[in-house]
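Take this structure, written in structure tokens, and hold onto it; I'll ask about it next.
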Amino acid sequence: MEIITSAKPLFAILVSLIATILIIITGEKARNLREAWTIIASIVKFTIVASMLPDILNGRVIEYTLLAITSELVLQFKVDAIGIFFAFTASFLWIITSLYSIGYMRGLNEHAQTRYFAYFAIAMSATMGVAFSANIFTAFLFYEIITVSTFPLVAHKETPEAIKGARKYLVYLLGTSVAFQLTAIIITYNVAGNLNFLTNGVFHDNISHNLITLTFLLYIAGITKAAIMPLHSWLPAAMVAPTPVSALLHAVAVVKTGVFMIVRVVLYIFGIDILKSLDLGTVLAYIASFTIIAASVIALRQDNLKLRLAYSTVSQLSYVVLGVALLSPSGVMGSIMHIVAHAFGKITLFFTAGAIYVATHKTNISQLDGIGRQMPFTMGAFTVGALSMIGIPPFAGFLSKWYLTFGALESDQLIVLAVLAVSTILNACYFMPIVYAAFFKEPKIDKHNLHETLDKRTLKEAPAIMVIALVLTAIGTILIFFFPSLFLQLAQIVVTNTTGGY
Amino acid sequence: MNLSEHSSILIVVVPLIASFLNVFIGLWRRSLCYPLFLLALVICGFLSIDLIQNIINNGTIRYKLGGWMPPWGIEYVVDHLNAYVILIVSFISLLVAIYSKRSLEKELEESKLPYFYSTYLLLVTGLLGITVTGDIFNLFVFLEIASLAGYALIAIGENRSVLASFNYIIMGTIGACFYLLGVGYIYIITGSLNMLDIAQLLPKLYESKVTLAAFAFLVVGVAIKIALFPLHRWLPDAYTYAPSAVSVLASATMTKVGIYVLIRISFTIFEPNFSKDIIPAGTILVWWSTIAIIFGSILALGQIDFKRTLSYILIAEVGYMVLGVNLGNKEGFIGAVLHILNDALMIACLFMVTGGIYYYLKSRNIEDFVGLNKKMPLSMASFSIVALSMIGIPPTAGFFSKWYLIIGAIKAEQWIAVIALLFSSLVNAIIFFRILEKIYFKKGNSTKDINVKEVPVSMLIPILILATSVILVGLFSGKIISSIIQFTVPGGF
Amino acid sequence: MEIIIGKYNYWIYIALMMIGFYAMIAKRNLVKKIVGMNIFQTAIILYFISTAYKKNATIPILIKSQEVIDVTQYVNPLPHVLMLTAIVVMVSTFGVALAVIVMLYKKYKTLEEDEIIEILREKK
Amino acid sequence: MKVLALIIVILTGSLLIYSSLDMPDWGDPNSPASTHVSPRYIEKTIEETATPNAVTSVLADYRGYDTLGETVVIFTAAVVCILLLRRFEDDKTH
């Protein structure tokens, strides 16, 4: 494998940190300029990430060592296929979310907008940091920065409820990462003497199996951002955050960091062979399967739209975990593809939830009857997102489910196959009623709010900038289905490197 | 004359002379006291830098006082460990001196200031004297100078400080007497008072019961001085009610010097294998400090007064260092020595911020910290950085010492200690995020904080310096370890 | 038996020291505490001085005319020196402790620890 | 509290008694304390310090630095007592 040394990954991280400083300096005084910084930073970041793509697609790896703090704890970046896959998705969606955020924040005339944009930019920096980490220490560092920098975003509303949600968020994410993940990293260092992500894992054959099992479980428990049950309840709690935060962070950056870390740990710290020989993949697959089904069932019973989406996220994240836990080429492929498929689909759904809130101040599903006539674009995008989640062609979600199914067959996991089937039905059960109600049900006559229901036939969309954003992501969901080659190629490189390929 | 040759003695003599002059200048012209006081500490700072450079370049310095050959005369032995602790002590005491000018305005009568500065300098003299000396009896003398100054500085505080100081005197004297008794026991079987000389004579006597008792008394004596749980009872009251500047100085330097003495006893006077193999002292201390960590953390959780919270956190942190030192492997030891520096920086900064809050708010109650970030943004930013470091989030300094400590604990297969370390990180997370939440996200409501604003510049600068150094020390921990700390690891590890 | 007689200096200092130690930690009167402290320190001083003693030896002041010096004829001077320092340290500690007691008395008008704690509790 | 204190005292006392068993007898001229460092003070006091009194020579010369420390302790106590007890004229204005 050819290695290129380049500071590009560092620049990709620094861009939004510089933006943070500019945002704080500009402040409330010049709001347009402040928002311009966000947009510029997001575009520049995306450009930098995209500029690394050709090299990676040609099988090269970009490396950059920032600082060797001690001989074993090194701040080092490595851009490989899976890293750029994640970074590309996240940085692209940041551009759209920035647009959307501006619409949302101004539409609702929110307070503390400077703080909002500043911490958002820090969180994006840290997400890039996780994507480009060359070792688990660097990844851990950025993982913690994400946690800390998103805390103010979750608590943004500063109501007692928001603070409570944010507290839960922090206790879960910080607590488990310090208690379990750090321990796991230290044990890894102690027994393997190496913290770098290697394609066949860092553990030697002669290490006690019990210790490896313990470390594996500590990692799984420590990476709570992946919201594997029973450590998932921070995610619904974090839904008190403003919708753009939920959209980008809790559908893309934060939770995807979690599953990305799990994929990293499974493939690059442990390696397929060790996990296969210890049967740990199956254990993880069962935990993930449980999460998929249980979270879907809970989602069915939620009336709050954002909460239903949150539980849907919990369930969908475990697809990624499940895929990689199958330890088969197609499983890994499906797992990686699901990162992007779910990102586009779920961000669309969250965007629509936010748009509905900005336009009508409605948060509950039972209030949405007939809303499709008022907000056709929004609800159209919602339908696209929902269908993608369920896994129907021609939407991105179909691709990943296709590979996941293959993966299950490859590793003879019939139970997993059944789980996939049941969860698809459950997905349909909790999404389709919303679509149906929005388009085909008559709006309920709200006696207290007559003037609103009267103009049900007129268009009442959210601000244009928000609608544009959510339509874009919906189109993206379709485009990925038709032109998946870039993502498939990247995933293919990962699969070839880690599993030996098909 | 080459001054740098004598820097090991000058560093003790300079604050001593300044303290002497201060009393008399104070009678004549009070306004000159502060400049003199500051000047002495600046000189100390330069000397300590000179000393550590000297050590890094030329290795251990042995300075014979009065020209008498050891073991007949007293000698100063400065190696990497001393120089490192000296640097910490002089750096912190200089920062606290800058900080104390405005902070004391509201906590002490002006006419007492010359005596305060003198006592402060005597405390610094004592601490530096303890650190440089290579003679166990001389160490006792300086220990008492530092302690007497410490008792007084605590007694001039508010509210219950006098009673706290009295309890400290009783406990401190027991500690010092135990130490002296230990010295007597060492003396009766070896006939020597010089540390290096004793180190050569003792191994033959490891089987003796007297050696065992000497070790026990020395360690327990120091354990009282560093407030190792359950000998910590004097500390929370003393540090809570002392004037802010004194709390900062005492918390950041006195316990650290105590840890230094503990390291000297366990690994210079006695060989490392004494506490490891011959008697199970290392194991006992590991368990003991594990309990200290757990209880310190639990007790910290229940406090309302923030200075008291910090005192209990300090007790847990002392547990960290004692644990690391006694784990019996290189990683643990490096972690402990690194933590001496990190903890000094972090605790000093936190106590300073608390003092800053108290300066206008007149309260240290955590409930009153609501909405402070609007009033004092820079202090609160520093507070947040240090809070992250206390929790152990990279790249702040706290992470790296914790990293080494945990690796050391795993290598020593002390799983309970690993859990205790993680537990205390979690408790710190709860404590600090509860406060950060109040500072940043709750709306100010009380009428009390109307006059609150950012602390005066002379108080703010030390806070900012400490907060910055928490990050810098974190990023350069590898460098610190490779150029200083790795040489302090005793042989046989 | 020989042990008991041969080392009786130790038994005496241990007994004294334990009396002082007990007073320091168990007595509730502040003055009694520091009196205990004094006994404790005195015991240590006695211990040190007793280590200096040699049978049939005299004080270490040499007569100039003496040519050959027999070390066993003079007691060990070092512990005496150490104890001169220790006495001073002890007196100073005692002084500081008394100063603090004076402050306490001014403030609370009592020297019983329990009563002071009672007063502090009432204040709250 | 008193029981606890008694237990602590008894434990410390027993450790002391236990360790005393290994100590040299009282007045033993061959104890390490009397043979390792101290003989030189007696033998060379006149030669090196011109003082017949060995205690003086050790106090003021060999270990003169300890004596400096001793005076510093007194000085500390003095300053401390002034700091704690002296009534200052401008107390009332504060």
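General observations
In this document, chain identifiers A, B, C and D correspond to the written order of the chains, with residue numbering beginning at 1 in each.
In the analysis below, contacts are C-beta pairs under 8 Å (C-beta built on N, C-alpha and C of every residue); 3 or more make two chains touch, one makes a residue touch a chain.
The shown structure was predicted, so the numbers you read here are calculated from the model rather than taken from an experiment.
The chain pair C-D and the chain pair B-C differ in C-beta contact count, and the higher one is C-D. Chain geometry summary: the mean Cα position of chain C and that of chain D are 10 Å apart. Chain C has its Cα centroid 28 Å from the Cα centroid of chain B.
We define each chain's centre as the mean of its Cα atoms; on that basis chain A and chain D are separated by 69 Å. With centres taken as mean Cα positions, chain C sits 70 Å from chain A. Shown for chain B are the residues that touch two or more other chains, namely 137, 141, 144, 148, 151-152, 155, 187-188, 193.
Within chain A, contacts with two or more other chains are made by no residue at all. Shared interface positions of chain C, defined as residues touching 2 or more other chains, are 21, 25, 51, 78-79, 82, 85, 89, 92-93, 96, 99-100, 103. Contacts between chains, counted with the stated touch criterion, involve the pairs A-B, B-C, B-D, C-D. Residues of chain C that touch chain D in their complex: 3, 6-11, 14, 17-18, 21-22, 25-26, 50-55, 57, 59-64, 69, 71-72, 74, 76-82, 84-85, 88-89, 91-93, 95-96, 99-100, 102-103.
Note for the complex: chain D touches chain C at residues 1-2, 5-6, 8-10, 12-13, 16-17, 20-21, 23, 25-29, 31, 33-34, 37-39, 41-43, 45-46, 52-55, 57-59, 63, 66-67, 69-70, 73-74, 76-77, 80-81, 84-85. Within the complex formed with chain B, the residues of chain C that make contact are 21, 24-25, 30, 33-34, 37, 40-41, 44, 47-48, 51, 78-79, 82, 85-86, 89, 92-93, 96-97, 99-101, 103-104, 107, 116, 120.
Those residues of chain A that touch chain B in the shared complex are 67-71, 73, 75, 137, 140-141, 144-145, 148, 151-152, 155, 158, 163, 166-167, 170-171, 174-175, 178-179, 182-183, 186-187, 189-190. Those residues of chain B that touch chain A in the complex are listed here as 388, 391-395, 400, 403, 406-407, 410-411, 418, 422, 425-426, 429-430, 433, 437, 440-443, 474-478, 481-482.
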